[in-house]
């Protein structure tokens, strides 16, 4: 591992699972960020409506190489 | 967001996944608590028996509005 | 609960989910450690390649009884 | 300090300040809990709408003596 | 481990030791809570009066199974 | 809650109070970020000059929806 | 920033707000410490009497330059 | 609780138990500090020699009122 | 302090107190590890059966010198 | 200290030391960010290849003033 | 990243710097562990004798692949 | 290890490295404190001016024996 990396923080959501919420955030980030390398889960939360879990929310950090 | 919320702590269990353990705890809480709004994962643990994961256990906080 | 337990730290990986990564690490540990009793998730990370999550990595502690 | 105390977790909200959010939660708790003794701030968050802070939210623990 | 557990937070006190403060809180909880299963120490504090430790205070979480 | 959110970290300052420092950072962010949804306090510090508090500084995370 | 700084820990109290509790502790420290430079909030607690918040207590670290 | 308190950090030791290590540190502090009010355990460690625990070491914070 | 040390994690149990649980784990470790130097408490938990504390469990790290 | 600051997170790397890894990240940031004011180390990690440390990696937060 | 990794905890020491203490622990580990992949700093401490720093001590976790 | 120790908190600075910042704080402490025994790093920060690291700042705790 060499060079410099930037770390950004996102919250991904999914009605299904934490893993899907992670994938959803990464898929969104892909539209503007290149060279993503790793993610780390910071926090797992979710929404409850009428007694049911309606969203899994994962706060994650994503690291990507700054390329010039 | 206005009013006052109470936060309780539960441990849900599931033989399948962390997401199912969360759903299971929320389903149980639904029997006595109304107006649940969000949950937050505090801790993820599990049981192992004879070399196999037999339970996923998620400690979670659940927030609900105090309604009067 | 009586006796003394040892706690080891492993990182399990899976292309599918955090739960599978946990199971994978426990399955590997089973080859050398007996009497595993519980696990606790320490950290959840993962790898991203070409904009896609390619691995879920779970750092977990595993406790097992020291039997003599 | 003697006896046993119970600790509950509440989230108070206020459009004005963190201090007011604390007072609001304590005032609400007063309706059902007696002998409250201390509080501790766990977390300070808030809501933003149309670029303005619309609510200060304080998660706090409140300790009160179990009296019999 | 299966089913759902609730976790409550108590502060036990004792003039003698941290272990006694734990026992004291559990004994008190026993009057209203059934099926207690485990406790975890959150914090250890105490009071000092005229240069002497007059109380050991242990904040602990207690987990018990929700039985229906 | 659905979609993906980005979280940025700012430090707001105010000569008056922590709440004002939060508002000041949010007001500044408003110039470049749209759809802000929540903030969370990370850290509260301040400056002292000639024995007087001259600035309240609040490090806060701000979450906003990525809209396309 | 050069030289060496000492960091002390104080608890300030105020019946009004956390900001006032900080100012109160700094004002007290001013009587014996010179060259104070910054403070950092460690903990926010408070007292409740007869269902009302009677004191805001802020534990804070204060840094000051060691001058010779 | 009113006024300003100072918090100092000590490490007490005892060959017997954590509680005795706390008492020992408080007894020592009594020689130079007046008006001690509370302590909080920060850390519990110890020394092992020839396979035996020879000292329990408790790092604790002690708060006392600044009286003028 | 020179050389390299290894740190292992154990859970000791005792029906009596946290201090005894520590001693019990160290006594067990003594059978396979030499040159133990220090321990640090990571976590204090316990079991409750029929409303009584039946075991104090201390998770501790033990450091020992790697001798060659 | 007045105005609003933004905080970004970077990972700097160096084959030599943690201090060099910090300098390397700051030097890289200099290309796109002006008015950098301070940094804070979040995490220190590194890579090992064939039994040798080949990279020191420092995750750091960098604060800079938002100037308009 | 695939497969399972084990994580061990070591304390390296050096009279010179934290970086040298890390290298020293890795060099020692090399004698018994193969396929080391990364390290993470857990804690940095040191010894002082007669007013001088005589040892830098770094507690670090080292991860290596379990190869079969 | 026996007796009672006091722990103070200092911030050392150096234009060169974290290790030098530690040494600098210890050298300063030596002027007023005797019997220093160990230090522990609490935090590593630094100043940036015109895009260059101009100071490494290490917050450290120093423990010394109270001798009478």
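For the reader, a short list of remarks on this structure follows.
The chains carry the letters A, B, C, D, E, F, G, H, I, J, K and L, assigned in the order they are written, with residues numbered from 1 in each.
The definition used in the following text is that a contact is a pair of C-beta atoms (placed from the backbone, for glycine too) under 8 Å apart; a residue touches a chain by one contact, two chains touch by 3 or more.
Quick caveat, the model's predicted, so the values are computed rather than measured.
Rounded to a multiple of 5, the Cα-based rotation taking chain A onto chain L is 120 degrees. Although chain A and chain B share one sequence, what matters here is the overlap of their interface residues, and that overlap falls short of half of the numbers used. With centres taken as mean Cα positions, chain K sits 38 Å from chain G.
Chain D and chain E have centres, each the mean of its CA atoms, that are 22 Å apart. Inter-chain centre distance (chain C to chain E, centres taken as mean C-alpha positions): 31 Å.
Residue positions of chain C touching 2 or more other chains, listed in rising order: 8-9, 17-18, 29, 47. Contact between chains, as defined at the top, is found for A-B, A-C, A-F, A-J, B-C, B-D, B-E, C-I, C-K, D-E, D-F, D-G, E-H, E-I, F-G, F-J, G-H, G-L, H-I, H-L, I-K, J-K, J-L, K-L. Chain C meets chain A in the complex at residues 16-18, 43-48, 51-53, 56.
Listing the residues of chain A that touch chain F in their complex gives 8-13, 15, 24-25, 28-29, 31, 47, 55, 57, 59. Residue ranges on chain L touching chain K, taken from their complex, read 17-19, 22-23, 26-27, 29-30, 36-41, 62. Touching chain I in their complex are the following residues of chain C: 1-9, 61, 63, 66, 68.
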